[in-house]
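Please read through the structure below; I'll follow up with questions.
Chain naming follows the written order as A, B, C and D, and within any one chain the residues start at number 1.
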Amino acid sequence: MRRIKVGILGATGSVGQRFVQLLEGHPWFEFGALFASERSVGKKYREVAKWSLPSEMPEEAADMVVKSMDTIGTSTDDLALMFSALPGTIASEMEKKCAQAGYAVASNVAVHRMEKDVPLLIPEINTDHFGLIDVQKSNRGWDGFIVTNPNCSTIVMTLSLKPLMRFGLETVRVATMQAVSGAGYAGLPSMAILDNVIPYIGSEEGKMESEPLKILGTLEGSEVKNAEFTICASCHRVPVMDGHTEAIWVNFAENVSEEEVKKTFKNFTTDIKTPFAPEKPIIVRDEPDRPQPKLDRDAGHGMSISVGRIRKGQLGHEMKYIVQGHNTVRGAAGASILNAEVLVERGFI
Amino acid sequence: MRRIKVGILGATGSVGQRFVQLLEGHPWFEFGALFASERSVGKKYREVAKWSLPSEMPEEAADMVVKSMDTIGTSTDDLALMFSALPGTIASEMEKKCAQAGYAVASNVAVHRMEKDVPLLIPEINTDHFGLIDVQKSNRGWDGFIVTNPNCSTIVMTLSLKPLMRFGLETVRVATMQAVSGAGYAGLPSMAILDNVIPYIGSEEGKMESEPLKILGTLEGSEVKNAEFTICASCHRVPVMDGHTEAIWVNFAENVSEEEVKKTFKNFTTDIKTPFAPEKPIIVRDEPDRPQPKLDRDAGHGMSISVGRIRKGQLGHEMKYIVQGHNTVRGAAGASILNAEVLVERGFI
Amino acid sequence: MRRIKVGILGATGSVGQRFVQLLEGHPWFEFGALFASERSVGKKYREVAKWSLPSEMPEEAADMVVKSMDTIGTSTDDLALMFSALPGTIASEMEKKCAQAGYAVASNVAVHRMEKDVPLLIPEINTDHFGLIDVQKSNRGWDGFIVTNPNCSTIVMTLSLKPLMRFGLETVRVATMQAVSGAGYAGLPSMAILDNVIPYIGSEEGKMESEPLKILGTLEGSEVKNAEFTICASCHRVPVMDGHTEAIWVNFAENVSEEEVKKTFKNFTTDIKTPFAPEKPIIVRDEPDRPQPKLDRDAGHGMSISVGRIRKGQLGHEMKYIVQGHNTVRGAAGASILNAEVLVERGFI
Amino acid sequence: MRRIKVGILGATGSVGQRFVQLLEGHPWFEFGALFASERSVGKKYREVAKWSLPSEMPEEAADMVVKSMDTIGTSTDDLALMFSALPGTIASEMEKKCAQAGYAVASNVAVHRMEKDVPLLIPEINTDHFGLIDVQKSNRGWDGFIVTNPNCSTIVMTLSLKPLMRFGLETVRVATMQAVSGAGYAGLPSMAILDNVIPYIGSEEGKMESEPLKILGTLEGSEVKNAEFTICASCHRVPVMDGHTEAIWVNFAENVSEEEVKKTFKNFTTDIKTPFAPEKPIIVRDEPDRPQPKLDRDAGHGMSISVGRIRKGQLGHEMKYIVQGHNTVRGAAGASILNAEVLVERGFI
């Protein structure tokens, strides 16, 4: 199979670098163009990206000359797909421009997630939502389209909620302990977080309280009907490099045992078999003190979430558990790549 | 006023050292004896205590010769009060022995907290529970008695719950982000917690779910009638030196506004005016990202808790907030000292 | 004594905040004006300073309206002294403007340190260098003048070198392990330093290799004759909040025993008795594993350095030791304040 | 090729676990027996090893029943090689017992390293020292033998010194910033090292000052003639998980340029081509702020060291540089495995 040429919008930033890292040697995709802000345009990627990941910068990307986003739509190229890791301020305009110009856009950015005709995808959960693509193209008159993945902390939680829907999910409360990489490379000064907890992450609680209802909703005709339960989030930053840990309380309509919940997690499978799809989306840890970000974030090459400490709450029909996932792999760049793979598999690209 | 001579049981350990540090220059108490395990007995405190606090070891304690607990009750001394920072395994026997020998025991240990005739005290909340002391002496036939303070994470939360009782507290959910000093000096290997979160602390959730109900209960005759609401806790360790941060959800019987909750916190006062009693037991932070352990743990010399981020939940009558307090001062040694001060003030010593 | 009104240049930044914190309640100085960049001018200090220190923002500063540096020299005020915590880019122009306008300037900034007629001061070492003030005023035709304190890592090391000069210091090698607060509030992203060491701090090694030679030099006529030995530095950042730790090798002209070195450190005294002067500039730790930043940075209210692990090197006449000091107190704002105090005491202000 | 059955002495500890992890799927070796202390004997490895590495415990080891070291030499087994990760207190006796019983022992323990007839090996440097094996067998009358690898911080430094020998190495000074994993799982309490530097590691400086001279020495007849230069070390622990960083000063007999040193590092190659031998033992970083443990520790699967910041010292013929290496892979278990591979390749096993 000939590899599809992809562009990365915002390639020099923290998530942009993660895209470059994860796409190295991808069996279906190859680097077609790296886009960044004007100060980087015309220079080699290796000169402008302050590489901050443990592995070496991929050779195939290092010598590419960074392109200007101004050229998008005005020149001919051989790109079919754009990954977007743009800052929120310019993402909306640029992603729309790309979709209009006929590209498929797999975006990690929040700005379009909650628009009615934009799919907000976790492929193991809601491939039916791919149906929104045609609605979107028709609504907007675009040749291309935009698909999105959820916020990092949302993905981790929502994957764990999916199998629990069967028990009649009524309310969810979640306290997050989020890694610093979620704030971007320069997002969080070391003086702020060393030996500290910051009990606030801008806009994060709102995202966690709204996005899952769309993701877990069902496509009815040309609209997603939201899932009907309530989420109440409290979000906190902790001095951890990668991996979001979330303490979750769920209340069910019915009484459920710890064993049933555990079994339901263990039995959760996926029919997504693309390169980035983890064999097991949910890994169940039986140890009393797992999951932990340091030990579990790389499970399934960073694409599996891990759950543990499943235990009855004090109230009837309440269950507590812990979920953990890699915030910049499963929760960001890896999520967009998985979305793109499914787009390819289903013929959208 | 002549100072009261006090003994410290378990003086070389982490909490024991905090007792020694905080009691230096105390206006009412002076070091009478330092007790530790057999391998330290007969040696100077400075030789056996591996001092791990930023301030210097108090000179008045440094040259004291560590005593054996075997001598308690068998010899004459001029001690009136024992602070207990003993390991759980031997605390019960030793504390009883001290009470029997006629000492007042102010214990930071869990073992007797939930016994019906043992006061579990937060002086700003439940000085009526001092009434259990006579019950206890009578029940046990002791000349002395035992009073206890709650678990560190319990104290921090319960102080914040007290003023909210007026709104008809029905359920509480709490996710803790606890400092490593709560595990004792050698309790938590650095390899376990650097760049990590450990979502498990042995027995902690049970303590947080039961102790507050006793503390917030009322003494009726010779018994404490527990408060009637439900607590559901999830406890986690984070790489922070000192200061427990707790995310709390409370559900009330009635609808309450954020402003009412904030005002209620601000108006909470205490009539305890002893040396360790903080002027303001509860400090309300208005900044969007406070309280934080690094910035707030030393508020009120470590004896005040700080609350912030008071905001409506998604469900009717639900409120979320963050509370933070110093776990080894307000949550351990300082709590015992405050208890002892009130004992003195009320004539029990 | 009536307190002297002082201005703080760059009052909202990290070092500026430390000035505000340390000057609260100072017996000789009071806040006269807080200066910051144009975006803060005209607003209250509490609104523009993102306070990042554990203690509360001093009330007396909080409600002051931040002033523009444009007004300096053009209007009448009652300030006598300016503390400078300006960014390097604008410090030179502003500090000169202040000196010209007749103010004494006590600067923490590097830009003028190595100029021949600018004193580079550590009052316990080189009060003779105050003699440069008259030279400077005469050279420049200023009514005021500039004095400076050394770079943070230089101060810590140089204080420890002073008493060793008597043994014929020939070469010094130093490896630093520097705290993140030295980089300023937003100077070091958490993603860069969590679980990491960064073996590079821009310009730091050059400062450590040159500044001590001036400081330890002697004023001969109108010039400082540099000390004659060689320093070779390697500078590194570690995940520590406050407190620089430095491993030092010194080679002497003669053979010296560990005991002599230790005794020399212990006997080092100062006749500076101003409020910020530490009683003991150098504290000698006898424990095998001290000094440590967490335990020793606050010694002498952060104004003492601590030395330890004094031991023979492998080469003849070589000695190794560790020195530690608080980088933003002794190494920055506190150093400028101590300089200013000595200026007052000696009648320069 | 049929795989060789190996035993691991001390398999449950921190280094023992690293052996188990690294040997999973090794093309030449397979798990033959796991040995641990009496309290683990007879139980499955998965039940007794508190697994603390990010990857999963290897399935092939997990169900093995832990054996007693008492049986060594008394029963028949099919092991040919023992890896030793024993505590120092019992290592000497056990390793000798194994060698006597005819096993090859590849030890990570310090106890026999400096014995005259025991090879202290870094295969890229001193394969001639394998010649000591026959000397040892003859001296001791053993069928088997012991080979050792150096201390973690020694290996990292010494690999970098080897290519510099050509310039007439005279003195080396080294300041280490060592990861916590070097202290073993429970070796360093989190309370000791969070937000701190500990400028002391027991016995470490002595090892770094003596081991390299043996390693870099040459086998003359039946003895190693030590290299003749002087090392002076200062060792420090920092809050880093894995990866030792070392600041090094070297003084040469002749004047050498930075470019020559860099080129010499780059040209350093090895003819060891076994599975664990890194393609490039030394990786040269050109960035101004590398190597860093977080970014470079996994270079060459953790078996390469990284050097950078090569720059002239202040003194004639002095050069400074930084070296970094993975302390529990290249510096411990991986080093023993590499030794064992070379033993196989050269026919000793």
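One rule holds in what follows: contacts are C-beta pairs under 8 Å (C-beta built on N, C-alpha and C of every residue); 3 or more make two chains touch, one makes a residue touch a chain.
Remember, it's a predicted structure, so these values are computed and weren't measured experimentally.
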{"item": "Chain whose Cα centroid lies at the greatest distance from that of subunit B", "value": "D"}
{"item": "B-D or A-B, whichever has more C-beta pairs in contact", "value": "A-B"}
{"item": "Euclidean distance of C-alpha centroids - subunit B vs subunit D, Å", "value": "47"}
{"item": "Separation of mean Cα positions, subunit B and subunit A [Å, integer]", "value": "42"}
{"item": "Shared-contact residues (touching 2 or more other chains) in subunit B", "value": "52, 194-195, 239-241, 294-295"}
{"item": "Complex contact set, residues of subunit B against subunit C", "value": "52-55, 194-195, 241, 294-298"}
{"item": "Subunit C-facing residues of subunit A, complex", "value": "14, 52, 180-181, 183, 185-195, 239-241"}
{"item": "Touching residues (chain side subunit D, partner subunit C) in the complex", "value": "171, 173, 175, 177, 194-200, 209, 230-232, 234, 236, 238-241, 245, 247, 249, 288-295, 308-309, 313-315, 318, 320, 322"}
